[in-house]
Amino acid sequence: MMDTKKLKQLAKDSVYGLISVCVFLCIWAFGVRTSDIGIVMPGPGKVIYEFIQSFFVPIGKYTMPGHILWSLYRVLPAYIVGSVLGIVIGIAMGWFRYVNSFLRPLYEMIRPIPPIAWIPISIVWFGIGEGSKWFIIFLAAFVPVVLNSISGAKSVDPLLLKCGEMLGADKKYIFRTIVLPYSVPYIFSGLQVALSASWATVVAAEMIRSSEGVGWIIISSMDTNNVTQSLVGIVGIGIVGFILAVMMRELEGRLCRWTVREN
Amino acid sequence: MDKRKIISAGLAILSIVLFIFIWYLCTDVLELVPARTLPSPEKVLDSFIKKFHDKNPDGGTLIEHTLASLQVALTGYLWAIIIGVPLGIFMAWNRNVDKFVRPLFDLLKPIPGVAWIPLMIVIFGIGIKSKAAVVFCSAVVPCILNSYTGIKQSKEVHMWVARTFGATRLQMLWTVAIPTALPHIMTGIRVALSSAWVAIVAAELLGSTKGLGFMIQQSRGIYRTDIIIVGMLAIGICGIILSIILSFIEHLVVKGRK
Amino acid sequence: MQMDSKGKLIPVIEGRKICKRFSSKRGEKTVLEDIDLSVSENEFVVLFGPGQCGKTTLMNILSGLDVPTSGTVYCDGEIVQRPAPERGVVFQAMALFPWLTVRGNVAYGLKARGVPRDEWMERSDYFIKLVGLEGFEDAYINRLSGGMKQRVGIARAYCNDPKVLFMDEPFSALDAQTRYMMQDEIARIWETEKKTVVFVTNNIEEAVFLADRIILLTNCPSHVKKEYRIDLPRPRDYTSRDFLLLRDEITKQMDSTL
C-alpha cells in the first residue's frame, strides 16, 4: 500500500516538474519570437507538432516508430552479446588472477579508444551494412561491462568468503553463491552505463553512415537545412534513451531486491 | 607469493607478444588478410613515425591534428566545468532551484552529445565554436550530476555542527558542503573529460577539416587503413595522457582533505 | 570425547605456544605472546580482556580464519590451518549474505555440503524457531533489525552442527536493551543445544553471565593472566551477591593489567 504522504509528495513533484517544463518552453518560445535565433530556430509549438506528426507522416522512408525500431534493431543484439561476453570475461578477470594477468594488457589496449573512433575501421572491415554498426555497439557495451564486472568480483568482502569456507562450501560453490551474487549490483551499474553508451554510439553511427534510424533523422536534416526535423530527432532520441534507462533500473530493482532498503 | 607475481608478469608479456605475433603472422607472413583490410604491425609503426612530419594524405601531420582536437575538446571541456560544477552545487543547495531545474535536467540528460551537432552547426556555424558547443553538451552532464550528488550527500550531522557554531548558510556551503562533495565533484570532472574526448572525435568524424577524427574518416575514404589505426592509437594515447594529467591535478587539489 | 593412546582426554580445542606478530613499515608489533589454552567438550569459555588486546586475533587463529606466526592449534587432535565446518563462527560484523533470505542464510552450510532438501528444511526450521525468528524465514537480511540479524548469524552457525562454536563479540553492535535480551537468549540456546563455545567479549557482565570459565587476557602483547571457573547456578541473576562479587574481582584484576 502506498501511503498518502508519498502520494502527495509525488503529486507535488510532478506539479513542479510540469511548471518547470512549461516555463522552459515559454522562454524558448519567447526567445525565438524576439531575437535573431528565431531566424534559424523554430518555436517549441512547431517542434511538438512536428514530433506528433512524425508518428503518422514518414520522414524519409519511415515514420518515427519505424526509425526508432531500426535503431533498436542495431543496438539490442550487439548490446546483449557485448554485455554477456563482458560479464563472463570481467568476472573471470576479477576472480582468477592469471586470467587477469593475461587479458589485462589486451583489454587496456581497447579501453581508451572510444567506440565512435572504431567507426571508420569497422566500415573497412565489415562494410557499410549492419555488421559495422553491430561491431561498434558491441564494443560500446563490452568495455564498460567488463570494467564493472572486474571491480565487482574484485571487491567481494573477504569476510564473506571466509564465512563460506567456514560453513563448508568448496571453491566452486563459493564462486556460485557468493562471488556472483556479490557482483550483481556492480554488473548492473556497468549494464546501465553500457546501455546509454550504446544508444549514443548508434546515434553517431547512423549519423555517419545510414539511410534510416533516429541518428539519420538528425543528420539528414542538415542536408535539407531543416532545423525542426533535427529537433524532432533529438526529442525522439531523448525519449527512447530515457525509457531504456528506466527499464534497466526497473529490471535491476526486480533482480536484486536485496539491495533495495526500506526507507 | 613472489612466484605468483613472476607468473603474472610473464603472462602479461606473453599476451602482448602473442597478440603482435598473431597479427604479424596473419598479415606479413601468411597474408591471410589483404593489407587494405589490416596492415601489418610493422607498417602501422612505420606510418605512425612517418605521420609525425608527413602531411599526406589528409593535409596535416599527426601533431597538427592532435593539437586541433585538443584545442576544441579542452575549450568545450573547460566551459563545461565552469558552468556545470557551480550549477550542480547550486541545484543541490537550493531547494527551490532543485525542484524547478531537476525535471528539466532529467529530460535533457539522456540525449547524447552527438545528437546536438546539426543544431549547433546551425546556431554557431561550421568551425571551432559549434564543435566546442557539442563537447560542452557532452561534458556538462557528468559535471552537474556528480556535483549535485556530492552536495546532496554531505552529512546532516556536519551541517548541524556547523549550525551550532553559528555558521551562515553561505559559510556552511563553503566550509562543509563543498569540501565533503569535492571527491564527487572530481569524479564528475574526470568522467566529463572522457565524454569530452569522445564527443570531439564524433564531431570531427561528421564534419571538419582538421583533427584526429577527421584524419581517420578521411583515411577510410582512400583505404589507408594504416593511418586509421595510427589515428585510433593516437586517440587512445591522448585519452590516457589527459586522464593522467587530471589525476595529478586531482591529487594536488584533494590533498590533505581525506 | 576422544582419548589419546595414554588414555588422556583430548580437548576439543587446544592452543600451544601461540604467537602472532604483525609487521608494518613502523616495525613489528607482537599481539599475542605464548598463549596456551584448551577447551573441553560442552564447555562455555569466555575470552575476556581490555579493548584492543587481541582477543579477536586469538579467536581467529583458534577457528582457523587466521594463521599464527608460531605455535599450533589442535581441534580434536588435528592441526587447524583453515576455516572448516567443524568450527562455526558468529562474527562481530555478522557477515550474513544479503542476497539470501533468512532461511537461505541459515541453511547455507547444509546446502553447500549437499544435504538433501528435506533435511536442511527441517534443520533450518528448527533453528530458526529456536532463535525466535519464526515467520521471517523468507525475509531478506536488510529488512531485519540488528538483534534479529545476529540471531540469524547464531542460527546459521548452529544449523551447521559444528564441534565448536566461536562467537566474536557478537552483541557489541547492539543497544544495551537488546544486548541483555540476546545474552538471555544465548544462555537458553546453549542449555537446549549443548555445544562447546568460545565466546569473545570485553563486557564483564556478559562474561560472568555466560561463562563456565573465563580466560583473562592482558593488554598487548597479550598472554593469559588468569583463569576463573564460574560455578554460579544457571540461569544466573545479574544482581545476585555472588555475581556482583565475582564481577568486581575480575574487574579489579583487569584494571591492574591496563
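Letters are used for the chains, namely A, B and C, taken in the order the chains are written, and counting of residues starts over at 1 for each.
Heads up, the rule we're going with is that a residue touches a chain if its C-beta (ideal position, glycine included) is under 8 Å from a C-beta of that chain, and two chains touch if they have at least 3 such contacts.
Since this is a predicted model, take the numbers as computed values, not measurements.
*Asks:* When the mean CA coordinate of each chain is compared with the mean CA coordinate of the whole protein, which chain is closest?
*Replies:* A
*Asks:* Quick one: name the chains whose C-beta contact count is the highest of any pair.
*Replies:* Summing C-beta contacts for every pairing gives the maximum at A-B.
*Asks:* Farthest chain from chain B, comparing Cα centres?
*Replies:* C
*Asks:* Using mean C-alpha positions as chain centres, tell me how far chain A is from chain C in Å, no decimals.
*Replies:* Taking the mean C-alpha position of each chain, the two centres sit 49 Å apart.
*Asks:* Can you compute the centre-to-centre distance for chain A and chain B, using the mean CA position of each chain? Integer Å is fine.
*Replies:* Each chain's C-alpha centroid was found; their separation is 17 Å.
*Asks:* Would you kindly tell me how far, in whole Å, the mean C-alpha position of chain C lies from that of chain B?
*Replies:* 52
*Asks:* For the complex, which residues does chain A have touching chain C?
*Replies:* Chain A reaches chain C through residues 157, 159-160, 162-170, 173, 177-178, 181-182, 184, 256-259, 261-262.
*Asks:* In their complex, what parts of chain C are in touch with chain A?
*Replies:* Result: residues 63-65, 82-85, 87-89, 91, 93, 95, 97-100, 108-109, 112-113, 140-143, 156, 160 of chain C touch chain A.
*Asks:* For the complex, give me every residue of chain B touching chain A.
*Replies:* 4, 7-9, 11-12, 14-16, 19, 36-38, 99-104, 106-108, 110-119, 121-123, 194, 197-198, 201-202, 205-206, 213, 216-217, 219-220, 223, 225, 228-229, 231-233, 235-237, 239-240
*Asks:* Can you check the complex and tell me which residues of chain A touch chain B?
*Replies:* Residue positions touching the partner: 13, 16-17, 19-21, 23-24, 37, 40-41, 97-98, 100-106, 109, 112-114, 116-121, 123-125, 196, 199-200, 203-204, 207-208, 215, 218-219, 221-222, 225, 227, 230-231, 233-234, 237-238, 241-242, 244-245.
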